[in-house]
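Have a look at this one.
Letters A, B, C and D mark the chains in the order given here, with residues in each chain numbered from 1 onward.
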Amino acid sequence: MAIRAGIMGATGYSALELLRYLLRHPEVEIAVLTSRQEGNPHIAAVHPSLAGRLDLCCENLEPEAVAARCDVVFCCLPHGVTAQVVPRLLEAGARVVDLSADFRLKNAEVYRQWYGKEHQAPQLLPQAVYGLPELYREPIRSTRLVANPGCYPTSAILALAPLLKRGAIRPEGIIVDSKSGVSGAGRQPKLTTLYPECNESVSAYNVGRHRHTPEIEQVLSEAAGGAVEVVFTPHLIPMDRGILSTVYAQPQGQASEEELLELLREFYRPHPFVRVVEHLPATKDTAGTNFCDLTVRVVRGRVLGISCLDNLGKGAAGAAVQNMNLMFGLEETTALL
Amino acid sequence: MAIRAGIMGATGYSALELLRYLLRHPEVEIAVLTSRQEGNPHIAAVHPSLAGRLDLCCENLEPEAVAARCDVVFCCLPHGVTAQVVPRLLEAGARVVDLSADFRLKNAEVYRQWYGKEHQAPQLLPQAVYGLPELYREPIRSTRLVANPGCYPTSAILALAPLLKRGAIRPEGIIVDSKSGVSGAGRQPKLTTLYPECNESVSAYNVGRHRHTPEIEQVLSEAAGGAVEVVFTPHLIPMDRGILSTVYAQPQGQASEEELLELLREFYRPHPFVRVVEHLPATKDTAGTNFCDLTVRVVRGRVLGISCLDNLGKGAAGAAVQNMNLMFGLEETTALL
Amino acid sequence: MAIRAGIMGATGYSALELLRYLLRHPEVEIAVLTSRQEGNPHIAAVHPSLAGRLDLCCENLEPEAVAARCDVVFCCLPHGVTAQVVPRLLEAGARVVDLSADFRLKNAEVYRQWYGKEHQAPQLLPQAVYGLPELYREPIRSTRLVANPGCYPTSAILALAPLLKRGAIRPEGIIVDSKSGVSGAGRQPKLTTLYPECNESVSAYNVGRHRHTPEIEQVLSEAAGGAVEVVFTPHLIPMDRGILSTVYAQPQGQASEEELLELLREFYRPHPFVRVVEHLPATKDTAGTNFCDLTVRVVRGRVLGISCLDNLGKGAAGAAVQNMNLMFGLEETTALL
Amino acid sequence: MAIRAGIMGATGYSALELLRYLLRHPEVEIAVLTSRQEGNPHIAAVHPSLAGRLDLCCENLEPEAVAARCDVVFCCLPHGVTAQVVPRLLEAGARVVDLSADFRLKNAEVYRQWYGKEHQAPQLLPQAVYGLPELYREPIRSTRLVANPGCYPTSAILALAPLLKRGAIRPEGIIVDSKSGVSGAGRQPKLTTLYPECNESVSAYNVGRHRHTPEIEQVLSEAAGGAVEVVFTPHLIPMDRGILSTVYAQPQGQASEEELLELLREFYRPHPFVRVVEHLPATKDTAGTNFCDLTVRVVRGRVLGISCLDNLGKGAAGAAVQNMNLMFGLEETTALL
């Protein structure tokens, strides 16, 4: 019996990438797609690359109607909206992998500060599991609600969490300088992501106030066993997909570069999608995959980590499928290699 | 006494390129900028690259108010709107270089067919001069209304008009296959020109119904002294600026490749901005300039022309300044080299 | 028992794409990789994206040594070299899918004219099958030597062959205007494909003398049942991968656009990798896939076809796997969806 | 009387940009171009964008022969070679703006450590002036040898030097995270800058050992009046030109963001090519110009500076012309606006 999967909000880039993965998944049947676009457009009209691959229309459905036809629902809806939808999906019996930010933060007050609105389902926050299998694989296996991580947080956390957990770096003064492709900004037309605006250009944006900041800090604090604050600076890069995060931290103790590499290798040995490499990785090496490539250097007494991933892969849709695999007791890598 | 210049519709890419040229022009003072954006934004807020270069705000003004402060007005308004504005500018005493399509077609009925609306100022069509100095330099010198050519037409016409004029190619069966950068589609956010949609992709658009078709045909027919029909296929290329047109025609007579090259060289000798080259030109060679690079080949009995230009340069703002120079009796190349 | 596959010349882009497909292929074991690079580099040192995916080194081996360990060999060697290697692979018992040009042309004299050297294995030309399953599926099933088509020819032939076969267009005066991403030019560093040279630029190259011309003409002539000549103009586009070919032909008879579309739909119904679409396709819709998206228009009495594919997918590695599937009696789509 | 200018090493990207600026310079005559390419190629064969602009061939000349025909020589030669050429140019009477690294470091021993060879003209190091007019305008006016700064150092120093000079940040723990377009890597074909390798990808390179590190530290130490060490991480970005440096430092004292902005504004008031802006600048705003756009933020108690420039403009050729203007007593902005 195939797992019946639905996608709510099927018109964006993460949803398209999800569909690419799910079409290859031997245990999944894509059962429902939703969108609020008028006229129930065929999915191939929305995403022409799916012509001949999937014969489904995007319906404008209530969560209960979706849940009735699905075992698992991937939520690709805007934050705020999502918190209203997810309780209804869960109550109606579906499991949920939520790609929005609504269930990532444990503290509804922090949510309010950063997202500027009251959380609509704070009662679910305790049971939502942060969907980073490299840190939370066991809880993911048994939850019915996974909060799929943000793309920037995944890149930052995978580089820093092991070093904090093992006490190799100090928890204060951490800098995360991230470079992201444009697909991370979504598929809504706006001036900043119009081709002639962002092509042939680099810029920083949302400096000091990007909403992924509290998410990074929450997970790193948990890893460190104490408060971690980061300076997080996202930059927009003229490419479709890919995130490279360069992280800077102060060492704690005297570990050499080789020892830090070995620490990372040992930490990620049981995890098939993090590749600790000796060379300096490029985002292109991970494009279209669920891998995160990672290395570490010691420069002038500072620890410098570099991580690369595909913001639509390990940073979104790939991770979502990885989480689904775990939730349903499947091999973690199914459809992802 | 400086020429006082105004730009109506100062927020787009052509207007920005115009400003770059005009800021270098020794005889011009930029006097007025207009836009319908609320709050009279400073031009450097609209175009950050102009910070410190020009201390003007975009005003929401009537044409008469603009004309009162200008000797020449560059109209960068949408077609349709323009035809209503230009008569008022002319009556108020300004000369006009219009970058819209409204005064390019001589026949108001053809305009109606292709633009889907009645022309609002057909009485001005006889006096408007098509702003291609390589064909109409003398009339441009003495007109008060120049219809600045479209970017595609300029590239197609410069490649084909001399060959038609001299009878080297036949007037029927001409194909114009054009490749354009994305800035040609304007600065209004829309899905088709969103970065992740058009990056890493090529596609044709408006096949058989692009509005530059009648403009190309009108000017080529005049050059040929008889009706010319073209198949015109525009393609969107993932780059900011540049148009390359590959044109295919049937020879008339037995001219060799070298003779055709010489025909072009001789035709363009008095024209400083068309460079007839022997190599295969690249759009990059003309980026940021007012040049059109041009060559011709004979392949299997077919004449093949290739022309390159910057759609914002010779395809829009550069040509506009070239036209203004001619209208005001200045050296044609002023501010353009 | 898995099919043991080898790749000779494993360091280029086509080989990397082949490896991506083969790693997903349930019936294939990648057995041998060759390269003439010194020191037998690990494949992940050559292609970092394969880190952790494939633990093989590139060996410098004689064809017989390769054949001894393989059931099928994919040849990604330069033309000229290939013609010397393939006879030895066949004699040693391997089947061969050759991605070079050496066995595509049926006539050794035509080869000599276009490639400037004598063919080194003309005796094999009669038995080599042109690897376009949409035209030659049955012969591919039973041959031991497939000449995998060039990327441009595939895009041109798929658009034109059905129209010629059914007599809908005339065999003379055909124009193929093609636009290709840069990966088609290979992985050898050279000035023309250096990033700052070809980025933000379009240019035509090898006009009138590109070596894919006789290949296109040979296959189209076979389809038309008589000599077909084409004017073929390749252009370099600033993107990694993708080919869009715009083809122009004169109609024969009175078929409407809708009838031509239906002709194509009917022709390709048994072929899973050609999608006849009504919209204007973009190369991005086929990126990373083995699909060719195709449409047709009638413009001013001319038939205009547009085809899109991934030059490394349907234009090279995808087609190679499709051919291998047929040669080994597997489902044609295995590993390709 | 025009200033006669020569360029040694005229085939690269910096030289092309220099030529673009010099062609617009009212006081300069381009007198000599050199290259070691065989056959004295015409400059338009090397740089097709110069067709019709400059009728000079690249000659293979000794420094004395160059100096005999020039008042100023721009050296665009590789480091190492340059140190041998410059003494001969100076002795023969020319003034020199050197775009290589050979005369930037004051200490020949530091040069030996970072460049791996003995300096060939250490006797000139005391008289060479670091060509950053924002810090060394008066010495530039009176020297005969300017060491034009590296592109990364200019971006880092302009952001940090004023803050160090005024004691607003601490001299230790400074991080410079830089993002550069590909033209900075030069015009020699190599795998790392081949289009399909670096397009659609970001990577860090030369981490902890980029040769611009000691140059940054030397100038910042002079500004701080004490040793400054930086962690400098360059990244390669898929665009032609532009550098954005994000710098992180610890505050010294309690200056607010607004006070730091005012400090920068006040510092750069006399300097026409540094624009202190309130928004987050993009490299595109400075493309093709000699401007550096700069801002500062305070994030979680850390001072964060962001600077943008064109690596071929203010990072190379623009700065070289600015320096030449100062050396010859011309208006600093001539040909640069």
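Quick note on the criterion: contacts are C-beta pairs under 8 Å (C-beta built on N, C-alpha and C of every residue); 3 or more make two chains touch, one makes a residue touch a chain.
Because the structure is predicted, anything quoted here is derived from the model rather than measured.
When the interfaces C-D and A-D are ranked by C-beta pairs in contact, the top one is A-D.
Averaging C-alpha coordinates per chain and comparing to chain A, the farthest chain turns out to be B. Chain C has its Cα centroid 36 Å from the Cα centroid of chain A. We define each chain's centre as the mean of its Cα atoms; on that basis chain C and chain D are separated by 46 Å. Annotation: 39 Å between the Cα-based centres of chain A and chain D. With touch defined as above, residues shared between interfaces to two or more other chains in chain A number as follows: 181, 197, 199-200, 238-241, 281-282, 284, 287. Looking at the complex, you find that chain B touches chain C at residues 173, 175, 177, 179, 181, 197, 199-205, 207-208, 229-231, 233, 235, 237-242, 244, 246, 248, 280-284, 287, 297-300, 302, 304, 306, 308. Put simply, chain A touches chain C in their complex at residues 23-24, 48-49, 51-53, 200, 275, 277, 279, 281-282, 284-289, 291, 293, 337. If you check the complex, the residues on chain B that touch chain A are 13, 181-183, 187, 189-191, 193-200, 238-241.
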